[in-house]
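Single-structure report; data block below.
By written order: A, B, C and D. Residues from 1 in each chain.
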Amino acid sequence: MLDYVWLIPFFPLVGFLINGLLGKKIKNEAVIGAIGTLAIFSSFIVSCMVLLEMIGLSPENRVFEKVVFPWIHSGNFKADMAFLVDPLSCVMIMVVTGVGSLIHLYSIGYMHGEEGFYRFFAYLNLFCMSMLLLVLGGNMLVMFIGWEGVGLCSYLLIGYYFHKKSAGDAAKKAFVMNRVGDFGFLIGLFTLYWWLGSNHNIWTINFTEIKAASHLLPYGGVVTIATLCFFVGATGKSAQIPLFTWLPDAMEGPTPVSALIHAATMVTAGVYMIGRMSFVFIKSPETMMVIAVVGAATAIFAATIGTAQNDIKRVLAYSTVSQLGFMFLAMGVGAFGAGIFHLMTHAFFKACLFLGSGSVIHAMHHALHKGHLHDDAQDMRNMGGLRKAMPITFLTFLVSTIAISGIPGFSGFFSKDEILWQAFANPYHGNLNYFLWATGAIAACFTAFYMFRLVFMTFFGECRINSKVKEHLHESPLVITIPLMVLGFLALIGGYIGMPKLMGMLPNYFEHWLDPVFELATEYGAAYAHHGEHSSHALEWGLMFGSVVIAVIGIGIAATMYTKNSTLPKRFTDAFPSLHRAVYNKWYIDELYDFAFVNPCKSFGQFLWKGFDVLVIDGVVNGVAGVVMGFSGIFRYMQSGLISNYAWSMAFGVVVMLGYYVFK
Amino acid sequence: METLFFLIISLVAIVSAILVVTCRNPINSALSLILTFFCLATYYVMLDAPFMAAVQVMVYAGAIMVLIVFTIMLLNIRVNASKSQSHKIVLGTIIGFFTLINTAVIVFKGRVAIPSGPLTGEIIKQQGHTELIGREMFTTFLLPFEITSILLLVAIIGAVILAKKKI
Amino acid sequence: MENLNGYLIISAILFSIGTIGVLTRKNAIVIFMCVEMMLNAVNLTFVALSRHLGNLDGQVFVFFVMTVAAAEAAVGLALMIAFYNNKESIDVDDVNLMKW
Amino acid sequence: MSNLLSLTTFLPILGVLLLLFIPKDSKGTLRNVALATTVVTFIVSLPIMFGFQSNAEFQFVENIPWISAGPFVMRYFVGIDGISLWLVILTTFIMPIAVLSTYTAVEEKVKEYMILLLLLETGMLGAFISLDMFLFYIFWEVMLIPMYFMIGIWGGKNRIYAAVKFFIYTMVGSLLMLVALIYLYFKGVEAGFTNFGLLQFFNLQLPLATQVWLFLAFALAFAIKVPMFPLHTWLPDAHTEAPTAGSVILAAILLKMGTYGYVRFAIPLFPEAAHKFAPLIATLAVIGIIYAALVAMVQEDVKKLVAYSSVAHLGFVMLGVFAFNVEGITGGLLQMINHGVSTGALFLIVGFIYERRHTRLITDFGGLSKQMPIFATIFMIVTFSSIGLPGTNGFVGEFLVLIGAFESELRWWTIIASSGVILSAVYMLWMFQRVMFGELDNPKNQKLADLNAREIVIMVPLIVMIFVMGIYPKPFIDKMDPAIKKLVSQVRPLSMSAQKMSEAQPSLPSGHTGIEMPAGHPGMSPETDSHAAPVANPHEAK
């Protein structure tokens, strides 16, 4: 089956081509939806078979490379269309195809009746293909195709409602910010390629070859530069500080898109990339520290913004940014397995949350439409008490919220706790660990708070929706709720495959599974690790308990503020108006970027055009022309137009010239 | 004898040439010019080139001069009453004089190549000038000769188109 | 061909007279005739030198010059007629369209 | 079969002769004949592509005597290698598209227009296949004139200004080139060469000072054509004023003359001078990339924006070429072809909406996606190709250029140039968004018709090329590879040995093994040589 790994991205490609080229003619939504969903579902089947085959192999043999066709060969440079199957990419393809299939299914219901239904499915399939290329890519360039491809699809899908200006702006912003990241990725790639090539004559961008040559890489130095560049790429794709502002705006796209692209898969590409090249990243302690700090900072920064948003999807978007911060924190402290694990559980519960919110929005929209009202269907201030009308949505949503908040027994707990523990106990960052842990813990508290705030505002309390349309609110159809239930179930139990050793009930399958991928990284890390004074079981239990307490505190505050004492939030905002305004306006980051980059660029461009191009260069050119014209204006008087004058000057000239030659 | 003849012809040629320039009436100029052309034809005969002399008479003194005279009569221009500016005449004469000096210096100071061609007066007399010219023209210079015909054709068409008031 | 210089000098004199005519006269037809005279002066040089060198190339050249002169006469006189039709004059001082 | 190249080159002239006999009122026939001619030319050029052997030799060579004037001996010497092959194919490929695009765009003086188009094709093909420097120069000038008339007669409002600017800019450069060419020829004559054949001049060992001056003259001529900053200002004007087909040809092929000139002439003829000036040219290329991108960002006219994007793209080409390694030059050449395809397509697209709305101002549009879905799709594909999205052609070239330049000494330049990748996304997408997205609020735009069959036929081959070259560029690279390897070995014999040294000693960091300029040739005094009279006594040759 491994030989047929190329089928995994191929099926979505076929789906894309069919829907994209013929979708307009097909018109039948059921057929289009079925094609799209089947395409990705077939990939899921193939992925399952690949996974089973991989499980059947012994751990050290679980690396398989498949060259489909040669792509760019020039000089030293060689890049094939090659796929790499190893435990890490297995996890990723399972997540992408699995969650992808569910979201495709969900979209059939959610996008029902939308103009350009076929377009949506075509893009969605294209996205899946790109994402699968990204995770299966056997060299950096194939990964880069996927890397840019998902950016493109994100652009297309965010701009799906292209007639809305905000959607167009958001799409462009997403693409450009991603491009900034891609710039970093490229430079990183160049640096690594050039350094290995020129110093050791290993001209390669192939992951396995780089891995084999990774012992040649020095600690720090050029590796720091390369990995920092890669990390810039990761921040762009995964919405980390400083390139995170596009993700909340990306919520302009349809909700399934937010679930698939901006929660479960694409945004985790950065994390995956670091995992894929863990053996390079670990060689630079500086980069690892930067990643950890940026991850932690993003986690808390986005979490604070999340507390003040009223748009249900924006809250989730900031939550995503924050959770991605956790993943980067995990990567930065060398807990690659934990990071990937969180990536997977996050895919489950965040997809579920987004789809749940989509279900809510769908219902709200429907109801408002029936009542001919134009209230914002996404504003939580218009919701409330929905749990009675939408029980399934509520239940799955609640499960996922508990999971993300880190309550024991749910998937999010295992992964997040592992990350926090590693942040505290990792051997790489010395005293910085306390800070990392503390930041992570506070971010977790905020997470619990804003997520439950969201649940309380949406599902509990009085129904604030216009009473006229209240009776129109009802549960979404099965095609929407089935994916919700599946994902809710996964959010509930998904964590058990990666249970911490400490608890000892189950072996940590997940970590064992990924071990062959990351063991080299651990080996390299040992070179500068200082072995832990922290690692005692009691401490681990204590910290675990602490993080649970923190989560409960967050939930408690949310419960007090948004169910029991509903005047509290108002009193709070009145007490700190400027703080609230700053948080509400996302700390004015967008404005800062506009001020610092966008506007200067535009005015500089304007200056170059009007000032330099037109005035200076054309000025010189036209000036030369002007001088010539001026002189010719003088000389034209010699051209009297009278023939005899010409004859005279000619004769005179002849006589003089002849005379010169005769008498010289 | 021949030198004397040459001098007389030269005198006629120069005088008639001066008349061409000085005559007020273009018809007179034209007639003087014909005389000059005849003198030149005479020179050609003296230079053992009777064919050239014949062509000179036919083409120049005949065709071209007839054309000119016709044109003059066709346009019927009255004799220019306004006298031409004297400074122009003076200046023109000076320039002409210098041209003469220049050329004369070239003629006298210049070194003429030693006769290298095969032809002498006897050979020309023996074979006939016309035949010699004909051979030359239709062998070595065949292509230019043919191209001349195109030139003439173009000139004819051009002349017709130019002279017609409306095409 | 002991008299070569004589022919050349005659040719030079005729040429100079032609030049003077071209420069001083205003009647286009007269100027045209002077140009013809200058051409003839050159023709004389050609023939004289051709005879001197014992080579007929110069005379063939004269033949071509004559052809060109004929063509020139045809076109030039046609031009004059056309010009006269427009301006009622063939004074060269009236031909001043050739300026920028 | 041996004279296939001449056949391809002069078929358009045959078409011109045919067109001469068609009355000027039967516009349909004129267009069809012109189209048929270009299509036949394309078909005739296909055997060249398939028959081309992947080696470094010049193929389909024809070498017959042509002009012999005193010391100047020019021969009709043509042939192609992997470098010119694709440019020839690109030319024959673009021309039918360009002709087809004028079917409704040009209604006046159709006959003259078609004749000029065909003449232009001959000129361009001739320039690409010439291996005799003088022949090249003649074709180079031949191209100039039809383009001048196309801008000057069928252009927009400001066409005379644009045409004259285009003409004079190019002419200044080519005259300098002519002078250098003749000087070079006499140098060659001193070395015993008897004609203008290009290949022998590659072996001419010139002193550095001479090389510098000759290189500068050539480089200036080509830099104007490329165009490189700061000699680029003729391009936006020419593009905005030119009719659609003119813009397409200008962008797709004529600009390639400049970069091709560098690859074929300036660099291999004067390798040491080229090395000496590489940092300068790379700097200008990088400035061009960033500068053009910034200027493009604030353009109000779609066509001008695309024109500036051309400047940026060709900056990449120059950067790649002056990396002097296989990757960079391959990337540069691919980028030339890519640019021909995608920017040609962009100009066609601009032409489509201009024909419909008679305006090109971005603000006049908005929301066209709704009204013109097919157009939107095609436009989007082309936009992304122009941005250089992986999977489209733009990426392969751009990537190879960057990686090649990064490997060479131009590392820092590469980093700055890479940021142009971001900017290109900004200006293209911003333009796309303003034109295609948003509300369809302008009533004039609400009646726009989507692309018709002819327009789709025009675009489809380009779209196919975009993907073929993006996904499977191997055949393209394989055919040009040997020629490029040969070029690289011609250009940097010094650095090749340096590289070998570094291979032998892997412990050395090879970032410093770059070419050091040779410090003058021993035994030759550059001063005396550079002051020698430019024309080495022609009388001797008589």
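Structural remarks
One rule holds for everything that comes next: contacts are C-beta pairs under 8 Å (C-beta built on N, C-alpha and C of every residue); 3 or more make two chains touch, one makes a residue touch a chain.
Note that the structure is a prediction, hence the values are computed from the model and not measured.
Both subunit A and subunit C are touched by B. Subunit B and subunit C, compared by their mean Cα positions, are separated by 7 Å.
Each chain gets one centre point, the mean of its Cα atoms, and the points for subunit A and subunit D are 38 Å apart. Averaged Cα coordinates give subunit B a centre that lies 58 Å from the centre of subunit D.
Centroids of subunit C and subunit D (each the mean of its C-alpha atoms) stand 53 Å apart.
Across the assembly, subunit D contributes no residue that touches 2 or more other chains. Counting only residues that touch two or more partner chains, subunit C has 19, 23, 26. The set of subunit A residues touching two or more other chains comprises 648, 651. Under the contact rule stated at the top, the pairs of chains that touch are A-B, A-C, A-D, B-C. By the touch rule above, subunit B contacts subunit A in their complex via residues 91, 95, 98-99, 102, 105-106, 109.
Within the complex formed with subunit C, the subunit B residues making contact are 2-3, 6, 10, 13-14, 17-18, 20-21, 26, 29-30, 33, 36-37, 40, 43-44, 47-49, 51-52, 55-56, 59-60, 63-64, 67-68, 71-72, 74-75, 77, 80, 84, 88-89, 91-93, 95-97, 99-100, 103-104, 107-108, 112-113, 115-120, 132-133, 136-137, 140-141, 144, 148, 151-152, 154-156, 158-160, 162-163, 165.
Across the interface of their complex, subunit C is touched by residues 636, 639-644, 647-648, 651 of subunit A. Listed in rising order, the residues of subunit C touching subunit B in the complex are 1, 3-10, 12-21, 23-27, 29-30, 32-34, 36-37, 40, 43-44, 47-57, 59-60, 62-64, 66-75, 77-82, 84-85, 90-91.
Interface residues of subunit D, counted against subunit A in their complex, comprise 165, 168-169, 230, 232-233, 236, 291, 294-299, 325-327, 330-331, 367, 369-370, 373, 380, 384, 389-391, 395-396, 399-400, 402-404, 406-407, 411, 414-415, 418-419, 421-423, 425-426, 429-430, 433, 436-440, 471-474, 477-478, 481, 485, 502-503, 506, 509-511, 513.
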